[in-house]
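The structure is given below, and queries will be raised subsequently.
For reference, chains read A, B, C and D in written order, and residue numbers begin at 1 within each chain.
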Amino acid sequence: MKAKRDEVRIGFYVCHCGHNIAAMVDCAAVARYIATLPGVVLSRDYKYMCSDPGQELIQQDIREYGLNRVVVASCSPLLHEHTFRGAVTAGGLNPYFFHMVNIREHDSWVHTDRVLATEKAKDLARAAVERVVHHKPLEIKKVPIHPDVLVVGGGIAGIHAALTLANAGKKVFLVEREPSIGGHMAKFDKTFPTLDCAACILTPKMSEVGSHPNITLWTWSEVVKVDGYVGNYTVQIKRKARYVIEDLCTGCQDCIAHCVYKEPKFDDLFNERLGKRKPVYIPFPQATPQVVLIDPEVCLNFKRNKNPDGTPVVSDKCKKTCVEACGEKRAIDFTQKDQVVEIKVGTILVCTGFKTFDARRVPAYGYGVYPNVYTALEVERLVNASGPTGGQVVLRQGTNPDGSPKNPRSIGIIHCVGSRDKKTNLWCSRVCCMYSMKLAHLLKEHTGAEIYNFYIDIRTPGKGYEEFYNKLLEEGTHFIRGRVGEVTDWAMTPEEEGKLVIRVEDTLAGVVRRIPVDMVVLATGLEPQADADAVRRLFNMSCGGDGWFLERHPKLAPVNTFTDGVFLAGCCQGPKDIPDTVAQAGAAAAEALALIDKGYVEQEPNTAHILDAECSGCKSCIPLCPYTAILFDETRQKAYINEALCKGCGTCVGSCPSGSIVQNLFEDAEIFSEIAGVLADEPVAAGRPGNLTQAAIP
Amino acid sequence: MEIKRTIKYEADRVPGFGREVMSVPGCEALEHCIQCGTCSGVCPLSIYMDYTPRQVMELVRSDFKNEVLRSHTIWLCASCYACTVECPRQIRITDIMYELKQRAIKEGVYPPRFPIPVLAEEFTKMVRNHGRISETRLVTRMYLRTHPLAALGMAGLGLNLMKTGRFSLTQDRIERHGEMEKLMAAVDRENGKADA
Amino acid sequence: MSQAPAPAAAPAANPRDWSPRIVAFFCNWCTYTAADLAGVSRLKYAPNVRVIRLMCSGRVDPQFILDALARGADAVLVGGCHPGDCHYVEGNYKMLRRHQLLQRMLTDLGIEPERVRLEWISAAEGEKVKRVINEMTEQIKALGPLGLPRKFAEWDREVIALAREVHARDAAAGPCPAHAAAPQPGETVHA
Amino acid sequence: MKYAYFPGCSLKGTGRAYEESLLPVLRHLGVEVQEIEDWNCCGATAYMAVDEGKACAAAARNLALAERTGLQQMLAPCSACYLVLNKAQHYLNEYPAMRRVVTRALDSLGLQCRGDTAVRHPLDVLLNDVGLDAIRQKVTRPLTGLRVAPYYGCQIVRPYATFDDQANPTTMDRLLEALGATVVHWPLKTKCCGGSLTGTLPEAGLRLSYILLKEALKRGADVIATVCPLCQFNLDAYHAKIAARWEPVRIPTVYFSQLMGLAFGLAADQTVLHRSMVPLRFQPAPVART
């Protein structure tokens, strides 16, 4: 150990990061102090270490001063470790002769006392200097990448990403849980701010997905299990029974026409329950794939009770006019079961989207109590020409003087429902201002009604968005700045009779108003999917405190996750509009492509290995490894680690009773010297403080 | 036409007032106010207020102490807590109103003969002296101090209360009287210590 | 700490006043990232903790904790992913088991179990990093210094004195090969 | 089932009909209550407006006296008392400084307050402890045909409600239905009656009472059922003034406990309907029980 210490030549650099570090840490003092430590031949402070001149400085110093260890105290290693390892390599050293100290995120940014923050920086830097002595040269491992990609979720994000990848010649599996791809966008009538028809821009992409030779589209399917690691994932997908053989169905829909139910009778979920469908159905006319499915919950050919495994029981009680109508195609199969298929892919794109806020959670707005209170998504269907009313805006309750269903003459649109509220969701859902204005425009166009927008703040940060707001103002739509207090049906004045009354403070005028309307539209916010937490676990991702999937870094790695090879796109990462979603999907696809075309991934060589001579063969490590990377050689009675399977968690190392397992980059000697380093008042002498600790270990 | 200058100068502010209010238990969340107006929207009495509850929140936060303590708003609050449960930032607006009432009473800045603080004062006096409230007695005292003539208008009501056996001018009191006096004195003593 | 002794939590405090020294082992994926998030969010917390990054809380060898205490730490904080969220499936559970055993052992050694704390902090919980560190700093401040190195030194002195005494007595009583060499000062002997 | 009972000042004064009808109903259902000895005024909303420390101390004296009974649960029928006692407990548990002051102040009276007594409303106890089945069993004269507007007012559901929904409470609805009455859909069930403003600022306060009465009549109610002595007073006592200001909106307002007594077939001196200024004229017919 002592001899080694004499051989090391450490270069130490402390970064000012402009004022980010220098304002709270006396960088020069840190550099002066570190210079006094044994083994340190050079100690510098510099304004921006990550800049080109900063990196060149390291390279020059390595050559000029013969450095064989480098320590940089700057930001988080999660941000720039890679950068500095590159600089060290360029200087001619093995990149693992480097260690990084975090004195920005963990020090200057979180403390308020310059003296104490500087002391902390010295402690952390000293620990790194102690640690780096023990570093060894390591080889970067290269793992080949399977070129196929899994895209989870067939909304606009998944569709765009899948097409980008497929057009680049990659094989893509697109898995969607609903019977058709299209997601929320397929339900929209128009898109803001250009007002182009959502179907017109989406359906060509949907059919391209359906017919693309490189895309395997599995709808009505869910990912149930993910194993493996970047480049080599094994994924199990449950293909739920449709009771229709996909390959045989031509989408002629004769079965629907001939169903024993003459009229549609069951809630049409695609139309937000505003319309009805039959037990055999296709979710919407442009659905992709054009394949029908049967709902066993309501189909007469199934019993209402289930098998013990949850699968429906065929009753055979129905006349099966659908089968008759299908005729020679024989696509209907009541005995179909859920199937699990397994695929191998190298990368995964998670594009699982969002759900809309449940308006019932804000009881003051009367959704579910007053029939003429609608959610925005319901109104999207109501104004849609292919919607349940053929684009007629008619209310659930009330009639016109001629007895026809009532058309609203006045409409209140309440923004921020469920958003910006500590009791529900604190975040701004980003799209509600714009879609509310879009709906205001469409509703005015369809009905000529007076439209009131009730908003807290109008947020139009997008290309052409403020111009759209301006257009709405020109159209005479009323904008009232105030969060609505309540929607009620009791009248105080004659003109309020029979209306929904919105009570609100017009905060700009400074008066409380009561505004009677025929229809209330709730601009519900966006929320993580109900099962986001389960999905996150499936792909080993993280969620933010608000439940959205967490990107690796909001600015530098916005589509990466903490799991290599798993990427994010669309609203599953946070609320965003269609342009941003498509841009992000393209970015995620590009990240995946970059990985695939490189052909391999470099892996941190932080794997573990067993020192043969010291292994006692107790086997206690074997069940600890979650990757079954530890094997046992019966003839030699020794354990050994398959380094290809090892992920480098170090759990086995932490529990080996004989201390015979070594984790690269996290060797015991490295960690003990780091402990000693942060605590030492004096430069550390090599070795442990005493044998109490050893004696104490049972 | 009578015109009034409404501009506010920095000298009209009482710097630190907002912070002071926000440091009172229950009033902390005011710093998160986004001025959405939900409080005014749900307040059944906001239609009579000179400043809406939302405006009061902003005036407090911006240190306009005099405007706030002299406003009618704080006295119109009927403590129904609708604003408190609906506020999207979970600001306990009712408790802030209580705090402002306390300060207005302490500083004596309310209109003379204004019945609400008088009622509050008479109420606390009665609790301190007797431990219990005799409602008809309390209300009678309030009218005598504010609008003695209006009390005459209440005669019909008094008569009806008598008819239904609900009128009483005897003072109900706790048995160990003196305890309330002692308790309140002890609170004063403890608070004094904390201030010192 | 080179010149100044341990840092103090309160900004205005005299650095010469005692203030706890806490060593933390944070897992790379959740807690270390959460501490980064606390930094990015500019949350302010006590400057008493020195973080050592490991890939997983499962890597934390109980010896690391005892070594830190023996070298003068007043407390040790271990941070890992929430149960079920471990990047390596279940390393955090392994740490939990070791932690429970260690707590019992600390009690036996007469060290307050509060001095070793295990917390699950996800990558999104920057706020929790702040809360836990502040809480723990206050708690350890209340407990006072652990001072194991000083105690070791005392014990060393006692043992050496005792050995000398025995040696002297033995020498007076006559030669005895078993007690030929008494330990010299400076040499480390722990009971 | 036994509860420490905190009547509060109103139940001994203008709201005596509440106590006079509630206690027999509870007795009839086998619920025992023990009045807290030497209780004092809870402080109501007025005290909070003067000094919250003292308001808390006044409330805490009652909590301490309740703890002395050894009963874990405390019944507070008046909405203001229910709110204030709950609020004091929240404050004592949330704010250590407040707790310190109050603890020392109580010390001077030789009292301690742990702050763990559950402060409960009779509706909560009737529905969750007694249960609707037990109540249905006691109904001998179902209130068939009586259309009731259930009025919860503000302070039992806000802000510390735990036993019912803040926006749309239903405990009294279910109770009234169990008595055989018809519950009228009435969206104002948690709106404010005006509180003490009916006396101090009649223009503002009485208007709120007026709206409640008007809307109840409009929705076809025969009677308003209330849980709070101040609400009852405001909705019952000011009809002449309301008629003079706006329009006559005569509809009786009684306590839910009076309706329970009526359905249980209790004597007139236990339903005390004569205490209302606008009388409820409804006599339910007995049914033969099998």
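Here, a contact is a pair of C-beta atoms (placed from the backbone, for glycine too) under 8 Å apart; a residue touches a chain by one contact, two chains touch by 3 or more.
This one's a predicted model, so the numbers in the text were calculated from it and none came from an experiment.
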item	value
Which of A-B and A-D has more C-beta pairs touching across its chains	A-B
Centre-to-centre distance between chain D and chain A (centres being mean Cα positions), rounded to whole Å	50
Euclidean distance of C-alpha centroids - chain C vs chain D, Å	57
Whole-Å gap between the CA centroids of chain B and chain C	54
Shared interface positions of chain C, touching two or more other chains	none
Multi-partner residues of chain D (each touching 2 or more other chains)	none
Residues within chain B bordering two or more other chains	none
Chains that touch, pairwise	A-B, A-C, A-D, B-D
Residue ranges of chain A in contact with chain C within the complex	33, 76-78, 102, 104-107, 109-113, 115-117, 119-120, 122-124, 126-127, 537, 540, 542-546, 550, 562-563, 606, 624, 626, 647-651, 653-655, 663, 666, 668, 671-672, 674-676, 678-682, 688-698
Sites on chain D touched by chain A in the complex	165, 167-168, 187-188, 211, 215, 218
Chain A - residues contacting chain D, complex	363-364, 488-490, 492
Residue ranges of chain D in contact with chain B within the complex	9-10, 12-17, 38-41, 43-54, 57-58, 61, 91, 94-95, 97-98, 100-102, 104-109, 154-155, 158-159, 166, 190-192, 194-197, 199-201, 203-205, 208, 237-238, 240-241, 274-277
Parts of chain B lying in touch with chain D, wherever the complex brings them together	25-26, 44-45, 48, 75-76, 78-82, 84-85, 92, 94-95, 98-99, 101-102, 105, 115-117, 119-121, 123-124, 126-127, 131-136, 139, 142, 156-157, 160-161, 163-166, 168, 172, 174-176, 179-180, 182-187, 190-191, 194
